[in-house]
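Each of the next two complexes has chain A plus one more chain, namely chain B in the first and chain C in the second.
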Partner chain A sequence: MTALSRERIGTLLARQGILIAFAIFIIAFTLANPKFLTVDNVFSVIRSSAILGVMALGVTFVVISGNLDLSVGSMMSFSTIVVLDLHDKIGPLLAIPAMFAMTLALGALIGLLVGYLKLNSLIVTLGMLSAIHGLTLTYSGGKNMDIADKEGTWFSVFGQGTALGVPVPILMFLALAALLGIVLAKTPFGRKVYAVGGNGTAATFAGIRRARTVFTCYLISAGCVATAGLIQASRSLGSQNTVGQGLELEVLAAVILGGASLMGGSGTVFKTVIGVLILGFIQNGLLLMGLQFYVQFVVTWIIIILAVWLDIAAKRGRLWSPIA
Partner chain B sequence: MTRTIPALRLDGIVKTFPGVRALDDVSFEVLPGEVHALMGENGAGKSTLMKVLGGLYQPDAGRIMVGEETVVMATPLEAKTKGIIFIHQELSLATELSVAENIYLGELPRKAFGRVDWRQLFDQTDAILGKLRVGFDARTRVGDLSIANQQMVEIARALTHDAKAVIFDEPTASLTDAEKVVLFDVIADLKADGVGIIYISHRMEEIFRITDRITVLRDGQYRGTVATADTDEEAVTQMMIGRALDLSRNESHHTRGDVALEVRGLSCGKLFQDVGFEVRRGEVLGFYGLVGAGRTEIAETLFGLRDPSAGQILLNGEEVRVHSPADAIARGISLVPEDRKGQGLVLGMNCRDNMTLPQVDDLKAGPFVAEGAEVAIFDQYRDRLDIRTPGWRQLVGNLSGGNQQKIVIGKWLSMKPDVLILDEPTRGIDVGSKSEIHKLIRELAAQGYAVIVISSEMPEVLHVADRIVAMYAGRIMRTFLSDEVTEDSLIQAISGLGEDRPAVPA
Partner chain C sequence: MQAGALSNALKKGAIWGFIVLELVFFSVAGEYLSLSDKAFMDLDNMLLLFKQSAPIGIIAMGMTIVMINGNIDLSVGATFAIAAIILLDSMTWPILAGLGDWVIPVSWLLALAAGTALGALNGLIVWKTGVDAFIVTLGSMLGYRGIVFMFNGENPTSHLNWTLVDFAEAQVLGLHTATWFLLGVTLAIWYLMTRTVHGRNAYAIGDNREAAVNAGIRVGPHMMVNFMIIGFLAALSAVVFYSESGSVNPNDGQLYELWVITAVVLGGTKITGGAGNIVGTFGGVLAIQLLRKGLGHIGADTSTVNLVIGLILIAVLILDRQLNVKGKEALKT
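== the complex of A and B ==
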């Protein structure tokens, strides 16, 4: 019986490990800096996590369907640059749908390659990361993009506005999370995403059109990226070509931290939101502790490794095993 | 009388998991030079016992002895060094490496500076392969070998160790009859060398052909050991399931209805050619043949997974083209595929979601999945098929093989198909569930379904089918009535030895 309960505790630790580690982090940061657990700081963490969070929502679909999307960072740069450029050329009312259409077209291209041509998603999206970056630079001619009249545009509402005292980016993040959470958990499409990621062959044998499902996941991911680009552009009203650079790994870290398996078939939107918040709080805590901004990159990587390890350990029921 | 020291002895092994006593005081011993069958239904505890023996699980109580030494095995490697060798059903070979490298993986002979001594490696390997009398050499790439020969590589690997006990887990699952003979010769050699052998199989004829004693487990408990010579299939089956089993020839011949499915001159490249048959409502059509005869490929073509190169498919007298499983499902064709875990189920999904997967688009309340309707469907088929699970939330991967198969069957029955195709419906399933599934297939026919059953087991086709199509090398050799056919003529037909007559539609 002792062996049994030890195994159980091990499983529990591994399953809830992230939350336990998170709690320890919070306590340590709060003791180190009383500013950490204040309403202002919590609000600012959520607001700064909103862009990452919106992107992570879409990537959640892709990861559950058993694929990867490493192109979201450079795709977000693209969306931001395009919408800023078009803002002055055709006005915000037309610029926003035009930017969405162009971003969705990129998502559709990835969806075609990964879904219908069945190419490896790692290769395709890693290639797209670079290709879209090139596309953005070509589009902008390598220059930063700025809106001419920064004071007089209503476009700033998505990034800087508030409604009922809550910043609009937070509202957009939470609304999109609620919508996509319901789509994933409650609709036939969501069910198919889990089936395709859990066992694509069995899904095909059940009459599910696997290619179409994967394609749609990439469209959702691109739609989320366009939304994130909109918030980013609206917040700063000007941007470099590399604004989204490196975000793909943070997004993936958040999704995995939330507990989605890289093998596909598991994860939820709610868990991803938790993952986003954990990542945001940890990065904020490190800054408050006075660590250099650049240390974040190292810490983020360590967190990803820990998350993946705990994910595997939870499945095995122990931290180390001689077999996979 | 001097008592022989057992090669391997298990004493009072207990292993519990949350809520389950998987092994309850199991004891038995394997003598040197003995082939000892371990039998039991799925869920009886065989796999758990093997994992305990292999060092993957630690027993809660009891001890394991190899020879006169009590051993504790914390890892699979330790089990191996103690002389307990497994030949698994699923092979674990590096297919890109040579036979020799696979056999000595981790123990390659070395020269100065850590370089591999290839000559010694290949010489040693060829010596072992010579003993096994196999038709390939040490340099062959493992991926180029047949499954049977890959298994021989596993056995050769066992021979390089000082094996005290070798455990064969369903070794014949994917072997042809000729390959089986070779395997049995090798087992006889091991036996002559004084190795103790545990042989796990569901196939009675093999058990009675090669084993000396039989130990039966049921519900995690030891049910007894009998000398093979002193018992028979019926008695062993009764020990395993606690009741007698019906495996008579099917003689029912239901009143058959209209032709539900007709196939004319169907070909698919080299896989099968000029196949023609019909299935009527109320009958079970059996497809019997060797692995690779084209039976599964026909089923996959009917289900839209392959495009035929020629021929027609007629459903209820109307020609149809089926380009995808979604097409097939929409036209009332259902397929219970041969690979339950790979093709039939999403193991990480719960029972209910697996069962309703093909119709999830149709079960809607507004834009959402109607979960209440799903639960109702699950409950209906759980009761009808007697699926044993704590509830619909249970992950399918946690069910026994028999119950998993019933989930797959339930999934396709709930689609209310015109034509139900079952490919190897009882592969790897215990005897008890097997007979339940056979009974179910007969009932479905009686209710007016047109059923196709593909099977590699002759007793199975004879038991469930009304007519039997014998296939050989992609062609239908003959169609028999199951109560008239003799086993000899059936075997001749599937070996390509029968008269080369075209199929006779009944």
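== the complex of A and C ==
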């Protein structure tokens, strides 16, 4: 009986541990500072997490398919710079689809290399991180990009507007999360992503076109990155070349925190959203407590290790690793 | 069988062929494009190249072991920064004030001990929790960077000790101090990986961890020792570099992990573990530094360097795969 209930607690922790941790955080921060759980503050947290969150949605697909994407940060810088530059040259209405097309082309290139040529995704995207950064610098000539007429453009709606009292970035993040959540959980394509990540060989024998599935995952990731770049560009209406630098690791941290395994085959969009929110709320909560931003680095470190550790400990049924 | 041996020889020689290609290309292109009159293959220029390779190169030797072992360490840049801060900060500590110039070895030891301890912490977590090294060091990359900021906020930490600067800028037999450290580390790690049981075990574990366990190798402590080595080397790299520069920003060392991993992969080490060699890594480090220097020589800016290095990394991967496929086909027939 006790063994059974302990097992149950273990399963519960493994399945819902991240939600429990999230609840504990919210309660603790609210007790420490009543301002924490106000509508204004919650909105501001989600809004500032939206860019990271949109990127994390795409990376979730890539990670579930058993690969990595370290290039999303520099790709986001690229799309931000491109859309800002084209805004003044061909107008926002054309600039946005042009930027999406260019970003998707980069995603397709990665998908080609990892999916069809079966190259190691860590190294390919590491190379692309560097290459796309170089591409961005070449494109902009190393200069900051700014929109000439910052007051008169409707382009700012994606980053600064509100609809029905809710900031647009939040709406875009949630709508995209809902859409991709349905794609991953309810469509044949979603099931293929899990199959390819869970056991690639078995998936191939089951008639799933592995290369095409991986390729599509990278396209989705690039689409999300382009959306994040759009929000970023629209919010600031001007940008440095390095705006997305380092984001790839934060994004990955959020996805891992959501419980997706780097081995592939597990994770959900909903849990990634929770992972993103946890990172956002921790950052915000620690700032409200008057702590410096770098304390958040250390706390994030501890949380990532604990979250993943508990996850695999529950799966293997013992806390400590069996490695001799 | 012979084709397999040929592809092996090709792979081992590839990096050196690439270096020769770079030298020829930049020498020729430099004649037409370079703004300075100096030739690229100038002796001073080449000596400087070795010296500038040292910070990345010293860490790359540790990364080679860790990657052959089947792990990875993303936290080296942050460890590098922590060691640098401890080195410079400890020289101003009142406790050590009475030591005069004897403070230098003490500070060195403190910095190296800190790096080793941070590596040991990574290794211990990997060993005891069984969490993948990629995740563990991704976390500690953030966490260690947070610790860096705790020392001095966003301000730089500076301390110039002229005895130390003289030592760092000295040239023995024509080579700079940093170069000697790079060569020494390369030799030591090469010996470790090719002539000792520890090195052989590293290959065995990276190739097939389960088989290594069954063969009675204590995998956990072994991996921890390797993480301690890379932590020590990241600190040593900082010690060599900051002895001369004397000032460290809290963001220093960022993206070092990417440069180091690029060098190691260019040198032929498999990211999945079990294969790789120190001499290849040495070549990879030189190749990257040559590329940075050469592109600068012919007037290209950093953007081109990033672009070219990224593309070369991917090209190497494609080439490597083609050679492997050919090798396997040769075995079949």
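One rule holds for everything that comes next: the second predicted complex is superposed on the first by the 304 of 324 C-alpha atoms of A that agree within 3 Å, B and C clash if a C-alpha of one lies under 4 Å from a C-alpha of the other, contacts with A are read in each partner's own complex, and residues count from 1 in each chain.
Please note the rule applied: a contact is a pair of C-beta atoms (placed from the backbone, for glycine too) under 8 Å apart; a residue touches a chain by one contact, two chains touch by 3 or more.
What you see is a predicted model, and the numbers here were worked out from it, not measured in a lab.
Of the two partner chains, neither chain B nor chain C is touched by A:Leu93. By the touch criterion defined above, A:Ala28 reaches neither chain B nor chain C.
Contact with chain C, but none with chain B, is seen for A:Tyr294 once the two complexes are overlaid on the shared chain. In the superposition on chain A, contact of A:Ala175 is made with neither chain B nor chain C.
Set against each other, chain B and chain C touch different numbers of residues in chain A, with C touching more. In the superposition on chain A, contact of A:Thr201 is made with chain B only, not with chain C. In the superposed pair of complexes, A:Ala105 makes contact with neither chain B nor chain C.
Touch criterion met: A:Trp309 reaches chain C, while chain B stays clear of it.
When the two complexes are laid over each other on chain A, chain A has residues 322-323 in contact with both chain B and chain C. Chain A meets chain C in the complex at residues 113, 117-120, 122-124, 126-138, 142, 246, 249, 252-253, 256, 262-263, 292-298, 300-302, 304-305, 308-309, 312-313, 316, 320-324. Listed in rising order, the residues of chain A touching chain B in the complex are 1, 3-4, 8, 182, 186-188, 191-192, 194-195, 198-199, 201-209, 265-266, 322-323. Those residues of chain B lying in contact with chain A across their complex are 16-18, 56, 58, 60, 75-77, 303, 305, 324-326, 328-329, 335, 337, 342-349, 353, 357-358, 360-361, 363-364, 367-369, 411.
For chain C in complex with chain A, the touching residues are 74, 125, 127-132, 134-136, 138-150, 153, 213, 218-220, 223, 254, 258, 261-262, 265, 271-272, 301-314, 317-318, 321.
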